[in-house]
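Common to both upcoming complexes is chain A, partnered first by chain B, then by chain C.
Coming up: the complex of A and B.
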């Protein structure tokens, strides 16, 4: 595998994991525009644990995931009091505070960034991405996933039907936080360097775009969305054009007009599902004859 | 949205006024303790705040009327400065010389910004009619506006480059009050910025178009039933957004003389902070919020250094959102129900 493709696969794997962390909350109807903040906690957590404290790699990952999940759990309670645009802004503000703290704390490298000594090659990244993908697919197929989808579609009705909205949303935030922490830790160890400027608002915006362009209805959405977002600019780069982000922006606008619910929707999955190929033909014709 | 209506009722103006008086009192105490240096910081904070006010009002108007967080606003702000610089660099002053030769370029810059804003309207609201009714529905125009952000920013990068450019404004004059230096252009822009916002709120309160805008803010469906032509009114929101951003960008270019392709990001995020602080959809809140954020930023730099600004401003904001989601001046309804 050439270095170029290894680099793209590494970024793609991190993006897929990161996108799933945001997807888990978005699937329950909560938009998180602070993804970069959660990823930064994971990245800085493992960077501090392994490089400064000298702990082994597995401990670094454990600390990154637990710490991010714990912070997400704590921040979930106040943040979930807000709705809609306010929720978007609250998570955005949270990410700004996190990157501000990283920039201001000398122990975390400040504006200079922090070098991470332990290196993780590209294969564990790919396997982690596959693992997280399966995990989220399993989650969405479970009873818990059903509750998430119900909350996404109508919070009031699902509460009436007995879904504990607050508990599900806090759980989603925590799970999302843990996955974001994993993506941050993988990022820190693969690129061996973390800096606060990387975890910018633009990163939060992009990861939310992965999810929204991919579609929040099914677990295929973030996978397709992050592949789309990682590979399309690369292919446009192959064209050697400085217009690639202009074209890319136009593609985003066009996507929202043509497929406002994202690339992958429930109906699309149903249409492409293999079980349909073997299913009997619908009985609609006979029904109409009877009438 | 209700906050917009509430803020425009007579009497509701009192609460923000109270805050302004409190802020002035705190400023007076700070000056009494800290002397000339603090006074100078407060003056520059208010001048910076004046720029934030115009951009924050643009944000708050779009959220109040259309429930739409318009991410193109920072780029629109940048567009004015960069287009104006590009035109002067390529010889637009039409042979004008002397003190006012930058003026036609700035007007042209504002015109381009308004045009760009109307293009955004076409592709976020005009052609987009579907109603979905799920929880992420309000994100659709938001995502489109991010697409436009990329398009505009990179078009500017391609055509005008990424270097910071000096905007040629020979207009420089200072007045000196008891050792505190106030730049006349800055003072004029604070006045102009506030003046435009006051004019806007007057328009919203008295004219037929203003009434239609407020009706859409309350309920687009009811407004349509009662005969408001939504397709005619929505572009007006974008027209006003373009004008406000254009004005702010032009004032920024005159006052700080530096323009680059990324200048909108800093001002845009601070304006979002200002809007949230004042309460979404409240024009008076945006004014107070803009001035407070400008002051906080300058004072935080003075006391804690440049890196601390982000933490101070955004922690303040996070607390406001969590403890008082409606902002300092917003109506309590907003932020609780489905927006």
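Coming up: the complex of A and C.
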């Protein structure tokens, strides 16, 4: 594997994991524009644990994941009091607080950033991305995932059906936080360096776009979305011009017009699913003629 | 009478701002009965449903289910006590398949973490999925359970909502205009299906404007007008009652 492709695969793996962390809340109807903040907690958590405290690598990951999950759990309560665009702003503000703390805390390297000594090569990143993908697919196939998707569509009816909306949403934030923590820890150990400027609002916007452009209705969405966002700018690089981000922006706008519900929708997955080719044909046609 | 009542409203009132929409409404529904709630548009029928199912808190009075005051019970817990409902405008989850919508109706039957973590989407032979398929078959719905509901015709979706409400194994099933928008054959099929549900001991509380459907299905009715109960008895009695006639048709003087 060439260095170029190894670099692309590493960032793609981190992006896939990161996208799933945001997807877990988005699938239950909550938009999180604070992705960079959650990822930063994971990255700085393990950086401090391994480099400053000298703990082993596994402990760094354990701390990164648990710490981010715990912070997400706590932040879920005030954030879930808000709705729609206010939730987007609340999570955005949270991310700004995290990056501000990192910037002004000398123990975390401040504006100079922090070197991370333990290195993780690209393969564990790829395997982690596959593992997280499988985990989220499983989650969405479970009854818990069914409750998440029901909440996304109609919170009132889900509640009448017995779904504990608050508990499901807090659980989603916590699971999303754990996954974001993992993505941050992998980032820190692969690139061996963390700095507050990296965890910028732009990163939060990009990861939310991975999810929204990919589609929130199925677990395929974030996977396709992050592949699209990571690889398309690279292919556009082949053209060799500085216009590639302009073209990329135009592609994003076009996607929103052509596929407002995301690249992958529930109906598309149903259409492409092999099991459906053999399914009995619905008699809905007869009924629709009657009406 | 009230000793065998499965669901009772006792002096229930509700105001939105300064507007009193439900004013001191009381009635008892005996166990196993098919009970109709009728009245002109805006009489407060759907609001009564929303108060019974806990969508809004009540201002005064009590909602009593099987002898227990459930007035302050959160809406998500009422379904566990045997109270299930459908909605006036179809409120199926548009992005979920038929089977998933029906399985959502089983949510209150799922116990503990193990049930919550069962990958129902991957196991077509799993208990929950088999129950859902069987319930669809019992309702005479010969459709692909994997179909996304937003692609299905109105009459089918309307019936899926009733099936979903039944999945929680309710003792009281509340249906808000189940026959609205159905053609005469679909309406007759629905009434026949609801009678089989009733025969299994489920108490029915039905809001409906289609009087022939109510006549066919309901043993007793309560008539609401402007948030107050104006009649309780048989449908034939209601149709002969001067106050009910006035509520629907206006006073003779005006006409």
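To be clear about the criterion, the second predicted complex is superposed on the first by the 277 of 291 C-alpha atoms of A that agree within 3 Å, B and C clash if a C-alpha of one lies under 4 Å from a C-alpha of the other, contacts with A are read in each partner's own complex, and residues count from 1 in each chain.
Here, a contact is a pair of C-beta atoms (placed from the backbone, for glycine too) under 8 Å apart; a residue touches a chain by one contact, two chains touch by 3 or more.
These numbers come from a predicted model, not from an experiment.
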item	value
Touching partner for A:162 - first (chain B), second (chain C), both, neither	second
First, second, both or neither for A:60, with chain B first and chain C second	neither
Contacts of A:209 with chain B and chain C, given as first, second, both or neither	first
Partner chain(s) touched by A:26 [first = chain B, second = chain C, both, neither]	first
First, second, both or neither for A:110, with chain B first and chain C second	first
Partner chain(s) touched by A:45 [first = chain B, second = chain C, both, neither]	neither
Partner chain in contact with A:250 - chain B first, chain C second, else both or neither	first
Residue contacts on chain A - larger count, chain B or chain C	B
First (chain B), second (chain C), both or neither touched by A:150	second
Touched partner set for A:222, first chain B, second chain C, both or neither	neither
Residues of chain A contacting chain B in one complex and chain C in the other	152-154
Contact set on chain A toward chain B in their complex	26, 29-31, 78-79, 81-86, 88-90, 92-94, 96-97, 99-101, 103-104, 110-111, 151-155, 201, 205, 208-209, 212-213, 216, 242-243, 245-246, 248-253, 256-257, 260-261
Residue ranges of chain C touching chain A (in the complex, touch as defined)	53-55, 75-80, 85, 87, 91, 93-97, 100, 103-105, 107-108, 110, 115-122, 128, 142-144, 146-148, 151-156, 164, 168, 183, 185-186
Residue ranges of chain B in contact with chain A within the complex	63, 67, 69, 71, 123-124, 127-128, 130, 132, 134-136, 138-144, 146-155, 157-158, 265, 269, 272-273, 276, 280, 307-311, 313-315, 317-318, 321-322, 325, 335-339
List of chain A residues in touch with chain C within their complex	138, 140-147, 149-150, 152-154, 156-165, 217, 266-267, 270, 273, 275-276, 279-284, 287-288, 290-291
